[in-house]
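The structures considered in this document are given below.
Below are two complexes that have subunit A in common, paired first with subunit B and then with subunit C.
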Partner chain A sequence: MSDHMTKATTLGVLDRKLLRNRNKIIRRQPTLAWYLFLLPTLIGIAVFMIYPLAESLRLSFTKGADEHYVGLENYASVLESGTFWYSVYNTLYITVFQLLIAIPVGFIIACLINNLRRGANFFKVLFYLPNVTSIVAAATVFLAVLHPDGPLNYVLQLLGFEKIVWLSQPLSAKWGAIILSVWHWLGFVIIINLANLQAISSDYYEAASIDGASRFRQWQYITLPNMLGSLTVLFIIGWIGGLQRFSDAYMLGGLQGSPARSLHTVVGFIFERGFGGNEYGLASAASYILFFFILVFTYINTKVTKMKI
Partner chain B sequence: MSNKSTLKMTGTLLLASTMILSACNNGNSNQTVKANTEPAATEGASNAVPAAEKPTGTLKVQLVGDFSLEDKTDPISGKTSKGVKVLKEEFEKQYPDTSVEFVLMGWDNYNEKTQTMLQSGAADVYQVPGITTFVEQGLLEPLQPYIDKDSYDLGKYLNGQVEGWKVMGPDDQEPQIYGLPFIGDARVIVYDRQLFDDWGVDYLSESPTIEEVLDKASKMTGKNPKTGEQNYGLTFKGSDAADSVMNINESLGGQWGTGFLWKDMKLEFNSDTMVQALDLMKDAIKYAPEGVMAGQGAENFLTEKNNIAINLRESPGFINNLANLGLEDRYEAALLFKNQKTGMGGMFAGSPFAIGASSSNKDLAWEWLKFSGSEFFQQYMWEEQRSQSMPVIKAAENWSSVQEIRQMDTIVKQMGQLWTPRYPYRSGQPRYILSENVERVLLGELSSADALKKAQEEATKWLAGQQ
Partner chain C sequence: MLSATGKNKLLSGLLFLLLLGLGALMLYPFLWMVSVSLERSSNIAVPFPPRLIPEQFSLFNYKLVFENGVLFKTYANSANIALFSVILSVSSALLAGYAFSRGEFRGKKLLYFAVLATMMIPFEARLIPMFTMFNDLGMINTKYPLIFPAIINALGIVLVKQYFDRLPEGLRESAKIDGANEFTIFVRIFAPLTGPITATLAILAFQDSWNSFLWPLVVINDQDMKTVPLFLSSFSSENGNRLVGVTMATAAMSILPIVLVFLFLQKYIIRSIALSGLKGE
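On to the complex of A and B.
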C-alpha cells in the first residue's frame, strides 16, 4: 500500500470510505444475480412445498366440506383410532424385518462381490436391477410370485414345506410384503456398501496381512469399523422410507390393506381417510403425526448410531 | 461482472420469470368460453330447435376411464373402436357455433382430480361417479330447474337409473337430481354351464337365492367327474365380500340402514339378517379357491381353462371377454340376490354427467347432458365403449345388437333392480369398517355376531363424530 493512502488526512479517509462502499456494491451485485437465478426454484419450493405444508396444517384443524375449525379434534381422533395404531404396528413390523434382513444380507453380498476378481460388475447389475424397477411393477410381479400356485410356493414345496396362501392370511401377507421390500431394496444396500468397501484403503489390509491377521480378523477389525458410516446411513434411510411405506402394501393389499387390514400402513391410513372418505382434515392431522414420528425416530436413530448430520 | 451486464441479466431474468408465471396462469383469462346470454334450447338435442336459440361457445367435458379422442385398437380383440371425437363432431353438428373440448383422465385418483377441477372451474361437464361428495360441497349444479324448463323426459332412462344418482346438497331436505346417467353398470352372478353339465347340476335359476347358490356350489366342489381336475363351487372378490354380504342381507329382507346425510344416518350392520347373511358368506368360502380373500385362484374364470362354477359378483364387461374368446355359449348370467317383496337387490353403479357450479356455460352443459341420453350417444357408448359402459336408456332393449347377446337380458334386468339411492354409507368410513369386520369373520378371527356388533359400534361412533 502506498504512503499517501495510509495518511490520516480527511481526504484520505473519505477516499477509503468511498472505495470500501464501491467494493461492497461490486461484491454484492453478483450475489444478487445468483439469487435471481435461484428465484424460480425458490418460487417452486414456496408454491409446491411450503404452501401445501401450511395448507395441510390448516386443514388438520378443520373438518367437513365447509372446513370448519375443530381445534385438535382430528389429532385426537387419529391417536384414539385403533385402526391407526394397527397401521403403525404393520408399518413398523414390515420395516423392522426389512431392515433386519436387507442390511446384513446386503452387506454380506457386497463383501462377496468386492472380493470377486471377475464378474463383479455382472453381479452389481444383477442385484441392483430390482431397485431400478418401479415398486408398483415389482408388486404386480409379486402378486404372481406369492400366488398359492406361484413359484415361491413351488420352491417351498420342493424343499418339503407346506404350501402357504401368502396374501390370504394376515401374518403371511405381512411376510409377503417383507419379502417384496427386501428383494426391491437389496440392490441399493449392496451398491452403497460396495461404494464404501471400495473406499477403504488397501494399505490397512496389507499392513494387517504383514502383521499376520487372518481374513476374518481383517474383516472384523478393518472392514466393519470402516463400514459403520454407510450402514448407519442405510439404517436411517431405511427407517424413513419404511415409515412412508405405501405403494407395495397398497398393491398387495388394496386400499384397506386386506386381508383384515394386515397390510394397512400409516400412509395407507392417510390415503384411505383422505381420498377414500374425503376426510381431508383427519388425513392432514395423520400426516403431521407421521411427520412427527419420522422426526422422533430419525432423532433417536442419529443419537443411537452417533451419526453426525 | 459490470454494472451494465448485471442490469441486463436482471432485466432478462425478470422478463423470463414474468413470461413463465403468465404461462402458468391458466385461469379464466385463457378460457375462450363465451358467456351465454341466449335462451336455452327447448327441445333438447333435437335438430328441430332453431339454431339461433341454441347456446353457443366452448364446452369442456371431463371424462374418466379408458377414453381416447382418436380411434384405437384393442390389443386383445384387435377391434378398433372410434374415439370420442365422434361425440364432439355430432354435438358440434347439432349445435352450430359450439366447440367441444375433452379433458380425458384415467380412473387413478379420479375423485381428487375431479375435486381439483371443480374447484378451479376447469370444465363445464363432469363425469362424477363419486357425486355425493361434490354435491355436499355445493360444487355441482342442481338439474331439476333445467329438467322442468325443457320438460325433459326422464322416463327414457332404465328403471332406477335417475334415482340411483340422486344426492343431497347442503340445503336439500330430500335427495335431488344433480347428475344424469350416461354409463350403466351392475354386478351379476355369472356361471359356467359346462361345469354344471360336467357335474350334472341344474343351471342356476334366473334369480337364484343364496341357498340355491350354496347348494349347487357345494355339489361342484371337488374333483370334476369328467376331467378329474379340482373344481370350486364359487368365487368372489375378497375385498368386495362386504358388498356380497349386504346383497344377501337385502335378499333376506334386511337393509343397510336409513338416511342419506351422515347426520341423519342410522346403520343396521348388526341386524339379525346381517348376521345371517355373514354366516351364509362364511359357508360360501368353503367352496371357494384358497386364495379367494386375496383375489387369487379365479384367474381362469371366463376362459376355456376355468375350474370355478359360479362367480358371485361379475361386472357386465364379462360379455366382452366371452366375445373375445368365443365362449358366449359357455357362460350364463343370473340376477344378484334380491328381496322377493321389493324386487330390489344389488349396489347401484355406473357414471352420471353433472354440471359444475362454476361452469360459465351451464346452458350448453345442460344440452350435453341431454345429448348423453340420446340414442346416438348411447349407441356410440354401446358400440365403441362396451368394455366400460352399458346402456342406460330403455330404447337399448330394442337394439338388435343388444338382443343378440343372450346375457344382456339379465344385465339390463339387473340394472333395473338396483338398490337406490346408492348405499350412502359407502362414501365414508362405515364402508371400510364393515369391510374389515366381514374379512375378519371370513378369516375365522371373529364370529359374525361379534364382528357385526363391533362394526356397528365403530361406524355409529364415526357417524356421531360427523355431526
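On to the complex of A and C.
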C-alpha cells in the first residue's frame, strides 16, 4: 500500500475507501434508538414532573372535594394567613443562622484540613459522618442531647450558665433546631470547600512564598478571594435547601411545630394543610409560592456558577 | 529557640490536635447515643452527668429492640425499596447519559435542558398531585410510590454524560463497523466501563432512599409498611422521653447500614458530594 492511500487512525492504518464506508456507517445514526435510551427518563419527567406541576397549579385555583374554581382565593388566603407568615419567619430564622454559623466554621475547618500534611482524608470522613445519617436519626439523638438533663445543658452548667429547657420556649427551640442543622450540615460545607480549595492553583502560593508573604497573608489575599464564589454558591444551595426544611423541625416540634408553632416551617404548613386538613387547593397555592422563591434563588445560583445550560 | 522546620512540625502537630478535638465534638452525639443505648438505667432517666462509658453496661436495650422485631420488618421494607430504587435510578441515568453523550438526534439540547430543569423543581411543588395520583392508583401503603419516582435522576444523567464524554470515540467506531447496533454497543462496551460512576450513583440513590422521610410520611401509614426513618420517628415521639435507652438503640440500629456503607465506600461518596456540590445543584 502506498502512503497517499492510507491514513493513521485510532484503529490503525486503514484504506481510504474503507474509511469512507466507515464514516458513512457512523454518520447514519438511527434516531429512534436514542429516544428509546431516553424513554425511562422521559416517562418519568412526564408522569412525576410535568403532570404533577400542572395538576398542582390547577388545584391551587380550586377548593373543596368537588374542586370548584375559586380563582386566586387560595393565594390570597395563604398570603393573609398569620400562620403562614409565621412559618416563613421560622424557616428563614433557622436557615439564616444555620448558614451564618455553618459556612464560616466549615470554611475555616476546611482551610485547616487543607494545611495538613497527612490525615486529610481521615478528617474528611470524620466531619462528613453526621451528614450521611438521616436527619430523623440525627434529630432523635438531638432530642436527647437537648433534654433538660442532656449533655448540652451539662456543658452550659459547667460554664456557669442557667439550665435551658430547650424545647419549651419558642426562641430556645429554634436555637435547638439551629444547633441540630449546623451539626448535620457542617460536613457538607467542609467537603465542598475542600474540593474548591484544592482547585486553587498552587502557583499563586509559590509566588507569594517567594515574595515572603506569611501564611496568614496568603490566606487573606489568595485563598479568601478565590473562595468567595464557592462560598456564595454554598450560601445559595443552603438557602434553597433551608427553604425546604421539614424533617428536622417536624422531628423536634411535631406536626404543629411546638412549642407555640415556633418550629412550624413552610413545608410543615403545606404538609399540615394538605394532609392534616385535606385542603389541597390551599396547600397547592402555598407550594407554588414556595416554588417561586426557590426558582428565584436557583436562577441566581445558575448566574453565580455560570452553569451553562 | 526552635528551628524553622521544628516550628513547622510543632504547628502542624497542634493543628492535628485541634482538628482531632473538633472532630471528637462532631462525633460526640453518636458516641453518646451508643453509650446511652448500652446503659440499662437509661430507660428511667437520661444518664447524668453525661458520660461516654456507661456506668452499668448492658445489652438490655438492644435485646428489647431485637425481640420486638418491628425494626427488622421496617429494615426489610427499607432494603426492598432501596434495592429497586437504586436499580431504577442507576439504569435510567446510564441509558440517558449515554444517549446525551453519544447520540445525535432532534431535540437533544431541548431534552437535556428539560432534564436539568427537573433539578430546579422542588419536590413540595409536586407533593399533593403525586399523592392523589398514587392514591387513585390504589398504591398508598405499597412500596411503588417510594420506588417509581427514582426513575428521574438528573444529577446522575449529568455525571454519566460527563463520564462517557471522556471515553474515546474509537470504542464505538470499531463496534459499528462490526455491525453492532446502539443497544449492543451500550451493553457490551460502554456499560461494562461504568464501574466507578455506577458505584457512585448507586450509593447516592441508596442514601436518598434509605434516609427519605417526607414522602414516605405522606404515602405510608400502615404499620407493616413503614420504612426505617418512619418507624424511628414514631417510636421516638411515642417513647422518646420514657425509653431513652431503647430509642437510642433503635436510632443506632437505623443508621448502622448507611454508616457501614459510608465507611467502606467513603472515597466514592466524598467525591460524588464534591462533584454534585460543584455542579451547583
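The definition used in the following text is that the second predicted complex is superposed on the first by the 263 of 309 C-alpha atoms of A that agree within 3 Å, B and C clash if a C-alpha of one lies under 4 Å from a C-alpha of the other, contacts with A are read in each partner's own complex, and residues count from 1 in each chain.
Everything below uses one rule, namely that a residue touches a chain if its C-beta (ideal position, glycine included) is under 8 Å from a C-beta of that chain, and two chains touch if they have at least 3 such contacts.
Everything quoted here is computed from the prediction, not taken from an experiment.
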Inquiry  = Both complexes share subunit A, so when I overlay them there, do subunit B and subunit C fit or clash?
reply    = clash
Task = Report for A:175: first if it touches subunit B alone, second if subunit C alone, otherwise both or neither.
result = neither
Message = Under the stated touch criterion, which partner chain does A:219 make contact with: subunit B (first), subunit C (second), both, or neither?
response = neither
Query = Does the superposition put A:65 against subunit B (first), subunit C (second), both, or neither?
reply = first
Message = Going by the contact rule set out at the top, does A:283 touch subunit B (first), subunit C (second), both, or neither?
response = second
Message = Under the stated touch criterion, which partner chain does A:235 make contact with: subunit B (first), subunit C (second), both, or neither?
response = neither
Task = With the two complexes superposed on chain A, say which partner A:37 touches: subunit B (first), subunit C (second), both, or neither.
result = both
Query = Now for A:126: first (subunit B), second (subunit C), both, or neither, which partner does it touch?
reply = second
Message = Quick one: is A:260 in contact with subunit B, with subunit C, with both, or with neither? Answer first, second, both or neither.
response = first
Request  = May I ask you to name which of subunit B and subunit C touches more residues of subunit A?
outcome  = C
Message = According to the stated criteria, A:115 is in contact with first (subunit B), second (subunit C), both, or neither; which is it?
response = second
Inquiry  = Does any part of subunit A touch subunit B in one structure and subunit C in the other, and if so which residues?
reply    = 29-30, 33, 36-37, 39-40, 43, 143, 147, 254, 275
Task = Could you please specify the touching residues of subunit C with respect to subunit A in the complex?
result = 12, 15-16, 18-19, 22-23, 26-30, 32-33, 36, 45-46, 48-50, 88, 91-93, 95-96, 98-99, 103-106, 108, 111-116, 118, 120-133, 148-149, 151-153, 157, 168-170, 172-174, 176-177, 181-183, 186, 207, 210-211, 213-214, 217-218, 228-229, 232-233, 236-237, 240-241, 244, 247-248, 250-251, 254-255, 258-259, 262-263, 266, 269-270, 273-274, 277-281
Interface residues, subunit B side, partner subunit A - complex = 1, 3, 6, 9-10, 13-14, 17, 20-21, 109, 111-112, 133, 136-138, 170, 238-239, 289-294, 296-297, 427-429, 431-432, 435-436, 439-440, 443, 445, 465-466
Request  = Name, in rising order, each residue of subunit A that touches subunit C in their complex.
outcome  = 9-11, 22, 25-26, 29-31, 33-45, 47-49, 51-53, 55-56, 59, 109, 112-113, 115-117, 119, 121, 123-130, 132-138, 140-145, 147, 149-151, 154, 183, 186-188, 191-192, 194-196, 233-234, 237, 240, 243-244, 246-247, 251, 254, 267, 270-271, 274-275, 280, 283-284, 287-288, 290-291, 294-295, 298, 301-302, 304-305, 307, 309
Ask   = In their shared complex, at which residues does subunit A touch subunit B?
value = 29-30, 32-33, 36-37, 39-40, 43, 64-65, 77, 83, 143, 147-148, 165-170, 173, 254-256, 258-261, 272-273, 275-279
